[in-house]
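Two complexes are shown next, each including subunit A; its partner changes from subunit B in the first to subunit C in the second.
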Partner chain A sequence: MMAFWQIVRRDLLLARRQGASSLLGVAFFVIVVSLFPFAVGPDAIILASIGAGIIWVAALLATLLSLDRLFQADFEDGSLDILVLTRQPIAMLVLAKTLAHWLTTALPLIIASPLLAMFMALPVDVFATLVISLAVGTPALSLIGAVGAALTVGMRRGGVLMSLLVLPLYIPVLIFGVGAMGAAMMGQDASSALMLLGAISLFALVLAPIGAAAALRLALE
Partner chain B sequence: MVESVQYIAPSAISGATPGIAVAALSCDRGGRRVFSGIEVTLSPGDALVLRGPNGSGKSSLLRVLGGYIRPAEGVLRWNGEDVWDDIGQYQACVHYVGHLDGVKPVLTVRENLTMWSALMGDAMDPDDALKHFGLGNLADLPAKYLSAGQRRRLNLARLGASQRPLWLLDEPSVSLDATSVTQLEELVASHRRTGGIVIVATHNDLQIDHATEIDMGEIDMGTLGDAT
Partner chain C sequence: MMAMSRLHQYANPMRFARLSKSLLPWVGALTILLLGIGLYWGLVASPADYQQKDSVRIMYIHVPAAWMTLFVYVNMAIASAVGLIWRHPLADIAAKSCAPIGAGFTLIALVTGALWGQPMWGTWWEWGDARLVSVLVMFFLYLGYMALWQAYDEPTKASRAAAILALVGVVNVPIIHFSVEWWNTLHQTASVLKIGGPSIDASMLWPLLIMALGFTAYFVVLLLWRMRAEILARRIHVLMMQKASA
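On to the complex of A and B.
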């Protein structure tokens, strides 16, 4: 367990020193969403009706944008060779790196999301549901993405292939994330959609590290 | 630096043969047999030097021995047990130095080393290890300012910063100056004195006393002969 937190700390330190890279994700998220009021016009009713979907899709794309560096940087400089020699299963290594990735990329998205909800003229009483649905759903995005990142590590232009692998798997997260928002907008109880979203995250928490670990072993051959 | 600590393999106590043993090991890369029929047994304190021309399979053999590549045939045993029964436990006994240095440019020299020793376990004083390779006065410098040789020395300092019985070194002396090569030889010798095992692939005349040698070039030729 020591090694697990050491890796989380290492990746957080690296992200902090490299600075810009984790801010790029959230900047992308903000810019993509803020394009829509310009594109569809300032009609509050239209914006509110598409707002939740836009925010979720932008969150998906922002996560995807940052994922290709998850293992690639360590693969390219030889660190991954050494990381698998640390005293823990590779699945734990994957989990630690994914947790650090979530903290540096998904957490800023969640924090920025109320601001974007304002851009999209969403009613204030659904802001809480938006934050909760992103908090429950983004772990699944990071975990599923980790499998895609591990499968394409070491490939040139692996990022494009990774998008093709990962985006279809993001659809259930998108459906229940937007579903929770839809329920909240109509004044209904969003908890069933949120629970299904949580179930996807838990499912990914169990299976994704194992899949990504197997993919990393293959990449190191 | 490591003289004071005697490494005792866990199964040495239970009576199994300590050390590494490979039998009839062969490896395929890209559908092509790179080498086959490698047989070698090394006990604590032994060293193995792999020689041979480029592409003769030295690096592949080291990666098989590191547990990165599953051998096509043959068995790799550590302390009498097949390493593929529990590859994680075996890899926790290994230091691997490959062609890439695994140095993070945004961290300082000391941070790079302490990060690795914390992750690898059985950490020793990182400053000692840095001093051994003449990096003591660069400890607080971001690693992006290091030269190729200094980065290599920082990578090699990992060997002294956490204790592991089996060292696999792939061309460790590349881009090192004469002094650093001597320091590396000293480190290897002291590791062997304390019961460590070193396997090194090299073209250069890295001075390693009483080492078993395998010429990978000859093995490759032999296989081709057998196949026809």
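On to the complex of A and C.
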């Protein structure tokens, strides 16, 4: 358990030392969403009806964009080998790095999301559902993405391949995330979609570290 | 590789080559027989639908292809698991050989779905049909699997990476299918065609089942063929390496 928090701390420290670059994901998220009013026009009714979907897709892409660095830097400078040699379970290492990734990339997205909801003219009373749905759903994005990142670590064009591997697996998260928003927009109870979203996250929490660990072991051979 | 072959007697590629060679004509004949009967029954002898007229006959290709999409993926995942756990080289080859076949069936299901959708719904593509959308996602999964194989130079490493992906995928397939169904009921469009289920008449069900068996036999033929080709390709590769180093 000590080792787990040590790795989380190390990755958080690394992210902080890199300064602004860890906030690039949020910048990307905000810019992508703000492109849509230019593309579809400033009509508040249209923006509100597509807003939740666009924010979710942008969150998905922003997560994906940052994922290819999840193991890559450690793989290149050899610290991944050392981490594996410490004889800690690799699945735990994956979980620690994924948690740090979530804290540095997904959490800022969640914090920024009400601003974007405002941009997309969403009604104020669904802001809370947006934040909760992102908070419940993004762990699944990071965890499933970790498998893709581990499978493509050390590849020359790993990022493009990873999006092909991971994006189809993101579809259920997207559906239930936007489903919760749709229910909230219509004034209904969003909890069933949120619970299913949570189920996917918990499911990924159990299985994704095992898959990612197997892939990392393969990459380090 | 050699030690591996001695460990598993059925993993011996030579034995497989002999077995598959004697098996192929029989399965091939069965395929031609089943597809011949199924196609004649489905396209000529079965009654036209009272609503959809003759365009219902697309079903005899579309539905078996859509079934195969899932069937081949499950086969690929089982072969992947066997390859990953027991390091069975033939299972790796089987998993690799499944992917393009499955992608092909998926493509057939998508194209025939679009062709069927045009007269039925008036559009080539109908997001309202959950099954069609699921098949599209399956197509993406197959593409990712094949791309991962391509990305590695060494076949042993590629087979293990691809096996991990196939297993992650097969766990996700029911989740994806269920979520697409759920999404679809949220956005239900006016006239979604219901095929299958208990409403289908026996005069249509029988040719459909024969076509499904025919597709399965066809899959076995293609699989054996691809596996043989893969084994030969690897042997050529080894021989060329030997020649180059000699």
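The rule we apply is simple: the second predicted complex is superposed on the first by the 220 of 221 C-alpha atoms of A that agree within 3 Å, B and C clash if a C-alpha of one lies under 4 Å from a C-alpha of the other, contacts with A are read in each partner's own complex, and residues count from 1 in each chain.
In the analysis below, a residue touches a chain if its C-beta (ideal position, glycine included) is under 8 Å from a C-beta of that chain, and two chains touch if they have at least 3 such contacts.
What you see is a predicted model, and the numbers here were worked out from it, not measured in a lab.
**Q** Counting only touches as set out at the top, which of subunit B and subunit C does A:Glu221 meet: first, second, both, neither?
**A** The answer is both, since A:Glu221 touches subunit B and subunit C.
**Q** Per the contact definition in the header, classify A:Gln18: touching subunit B only (first), subunit C only (second), both, or neither.
**A** First partner only.
**Q** Output check: A:Ala3 vs subunit B and subunit C. Expected answer is one of first, second, both, neither. What do you get?
**A** The answer is first: A:Ala3 touches subunit B but not subunit C.
**Q** If you lay the two complexes on top of each other, which residues of subunit A touch subunit B in one and subunit C in the other?
**A** 221
**Q** Give every residue of subunit A touching subunit B within the complex, in rising order.
**A** Touch list, subunit A to subunit B: 3, 6-7, 10, 13-14, 17-18, 76-79, 81-90, 220-221.
**Q** Mind listing the subunit A positions that touch subunit C in their complex?
**A** These residues of subunit A touch subunit C: 144, 147, 151-152, 155, 161, 164-165, 167-169, 171-172, 175-176, 179, 182, 196, 200, 203, 207-208, 211, 214-215, 218, 221.
**Q** Quick one: which bits of subunit C touch subunit A in the complex? Just the residue numbers, please.
**A** For this pair, the touching residues of subunit C are 84, 137, 140-141, 143-144, 147-148, 151, 157, 160-161, 164-165, 167-169, 171-172, 175-176, 178-180, 182-183, 186.
**Q** Which bits of subunit B are touching subunit A when the two form their complex?
**A** So the residues of subunit B in touch with subunit A come to 63, 66, 68-70, 88, 91-92, 94-96, 98-104, 106-107, 111, 115-116, 118-121, 158.
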